[in-house]
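In what follows, structures are represented as structure tokens.
One chain, subunit A, appears in both complexes that follow, with subunit B as partner in the first and subunit C in the second.
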Partner chain A sequence: MKQFLLGLCLFMTVGLSQAEAQKYFTREGKISFYSDTPVEKIEAHNQKATCVLDVASGKMEFAVLVKAFQFEKALMQEHFNENYMESGTYPKSIFKGQIANAADVDLSKDGTYDVTVEGELTIHGIAKTVSTPGQITVAGDKISATAKFETQPEDHGIKIPSVVRKNIAKIVEIDVNVALEPFKK
Partner chain B sequence: MKKILFTLVGISFFLLPLMAQEDDLLSLLDDSEEETTEYVTASFKANRVINLHSLENTSAGVLDIKIGHRFGTLNGGFYELFGLDQASIRIGGDYGITDQLMIGFGRSSFEKTYDGFIKYKFLRQSKGKRNMPISAAFLATTAIQTLRWQNQDRDNLFSSRLYHTFQLIAGSKINEQISLQFSPTLVHRNLVLTNEEENDVYALGVAGRIKLTKRVTLNAEYIYVLPDQLAPEFQNSFSIGFDIETGGHVFQLHFTNSTSMIEKGYIAETVGNWGDGGIHFGFNVSRVFTLEKPKIK
Partner chain C sequence: MKKYLKYIIGLLIIGIGSGAYMYYKPHQNIKASKAEVSLSAAEVFQAFESDETAANEEYLDKIMAVSGTVRDVSKNEEGIVSVTLDAGQDMFGVICQLDQLTQHAREDFPIGEKVNFKGVCTGMLMDVVLVRCVETN
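Right after this comes the complex of A and B.
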């Protein structure tokens, strides 16, 4: 009994320290979005996304500075910030979610896993539930993750005036690509 | 001994969920987050308030074609259709060499003047790692007036056609709605009409904007010329108007007592008087073209 309790205690302590090591992160994640209409193609890239993945629980969180999205046209970038995203008021877009099929994937082993991530996407201060397929690749102590999903500006309370209605797609495609490293305190 | 063990196990059980329930993963990074410097953008919709240069620069690789138009004065009455029969025009282009350095060129119908300028924004308002409450820029312009010499018999020098302006532009986007700037200015004229007029004219411009909607702002500017430098018929320039932004264009519609759209003109040669209707309706249209695409860093 004594030994069992001691063992349990030890196991849990070890477990604790492991849980700590099982977080992966990056500050240089890539997030791009594409709006494609017959009139105009718009794309913007952000290479400064923050992402944290907790391997143990399958939780994933992303944060991105709206102002750090780079456009081909400077004026577009200004309008994006000023007129649509209002980045002065809503500086960050955030995703907080969970690998829905966490039970089927073992991220402690090397390999490529198809996952479904569900969670809440907050853009322009308005949260919306999203679910998207993605892919996670584990190679040694590096984990990379990619996903492609769609969202509608309208759902996040972003109004598009009728004059430019034809220039901005109703559905915007978002591309996520992050390379994560073990998080050490 | 057993008690201690049970306590330990208890603590472990208590700790485990505590650690696992890391609700906010991102907060892990927050404490070690390297702060970034965030530059304030769009203090004005265009790089001109109305006549005055604003705190904004043309972005790197962008060509901004500008057409400025000032009708005649409103007090011309119905005979002149309140000024619509006359027009003074400036056609020009601004180009951003970097995000902080721009050049520009233009030709005004008023006194057949060519003008060129260079503007360097040496201080950018920012917050975050580097906290800077103001933006500041330096502007240098040269204008060449090309009217035929009034007196052909005298020894006319090319230098007499030249006008130079040096201006400091300092201001702040106070909040999302309000921006304010000051523009201390020196206009140098190589040749003036009379002895009483100064070659060097010192002035202080004040300008601001209020954002009414996302795409419309109300702008105003006033330029105070220090006393005893100009002939008495010259007035201080005051202009008020709206900036209306539609996708790639910015339309600036305004009322002003100045006919000229370049520094030496609107600062030192404004004759219209707001008191008796010497006001011009005018507009600036700006259209940007991206000549060189920025590299995505």
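Right after this comes the complex of A and C.
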């Protein structure tokens, strides 16, 4: 009996570690956004995004804390948090989706693969379905991924007063850059 | 009319001046600011894990002083240092991202050392994240 249990435990541990080896993760992802108009250039950076990628299924998810975005100007950061993103009420922005062509990515071979990412982008509490091109680079047991999203503030229920509407781009570009490592406990 | 002109010009200058001042308002100086709450890393993590909504309401955007032992230190390619404090959990902790606008006395923290930081609490993802942190004694 003891031996059977031991065997079972061993079997489960092996099984688990194999399942985990498929998952990649980081808590130091970089997300930036850019709004470029003739009136004003606005950009903000966040280096504390989390990202989890399950290579087998191609499912991926990343999340970011809105208040951790750093702006060059304090006033912009204040307006961003208080008037537009209402980050006290909606502290996180989340993307949940998958790599549409996950089968094209060969983890055993170093190289750069073009991918398409599809899923739901939730900003300001409002989810929107998006599809965007990205790249996955495999180097040994590390994977880095980049993607560019384009989104409109109005799509996420963000109201911008008409007086300052021309200061903020109609389409805001979001850059995602993550270096992932195998997930292990 | 001439009499009023100088007042109008005066007001205009004040208006433009205060507008520019607002626009170029500097970021809050964390080093010189007093912490609004003071907790241990384990207490902060516990607060967010047991009731995230309540913790968000209580701590978001506040300058928080947090103490704990160093579990991990990392530096990204832009040279931004993050220190993870142990919160008594196996996987997650409290991450303190050092402030880019402050000169730090040191950016190297031996694992296991007891340290104190203050910074702005931004909420919880997997870990609780504080940004703009400075070390305090």
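Convention: the second predicted complex is superposed on the first by the 167 of 185 C-alpha atoms of A that agree within 3 Å, B and C clash if a C-alpha of one lies under 4 Å from a C-alpha of the other, contacts with A are read in each partner's own complex, and residues count from 1 in each chain.
What we mean here is this: contacts are C-beta pairs under 8 Å (C-beta built on N, C-alpha and C of every residue); 3 or more make two chains touch, one makes a residue touch a chain.
Because the structure is a prediction, the values reported are computed rather than measured.
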item: Superposed model, subunit A: greater residue contact from subunit B or subunit C; value: B
item: Touching partner for A:Lys23 - first (subunit B), second (subunit C), both, neither; value: first
item: First, second, both or neither for A:Asn167, with subunit B first and subunit C second; value: first
item: Touching partner for A:Asn83 - first (subunit B), second (subunit C), both, neither; value: first
item: Subunit B versus subunit C as contact partner of A:Lys73, first or second or both or neither; value: both
item: First (subunit B), second (subunit C), both or neither touched by A:Lys59; value: first
item: Partner chain in contact with A:Lys148 - subunit B first, subunit C second, else both or neither; value: neither
item: A:Gln47 touches, of subunit B and subunit C: first, second, both or neither?; value: both
item: Touching both subunit B and subunit C, residues of subunit A; value: 27, 47-48, 50, 63, 65, 67, 70, 73-75, 81, 88, 91
item: Subunit C residues touching subunit A - in the complex, by the definition given at the top; value: 22-28, 56-57, 60-61, 74, 76, 78, 80, 82, 90-91, 95, 97, 100, 120, 122-127, 129, 131-132
item: Residue numbers on subunit A that touch subunit B, as the complex places them; value: 1-2, 5-6, 8-9, 12-13, 15-16, 19-20, 23, 25, 27, 45, 47-48, 50, 52-54, 56-57, 59-61, 63, 65, 67, 70, 72-75, 78-79, 81-83, 88-89, 91, 94, 96, 161, 163-164, 167, 183
item: Subunit B to subunit A touching residues, read off their complex; value: 1-2, 5-6, 8-9, 12-13, 15-16, 19-20, 22, 24-26, 28-29, 33-34, 36, 38, 41-42, 59-62, 96, 176, 214-215, 245-248, 288, 290, 293-294, 296-297
item: Partner subunit C, residues of subunit A touching it in the complex; value: 27-28, 30, 47-50, 63-68, 70, 73-75, 77, 81, 87-88, 91-92, 185
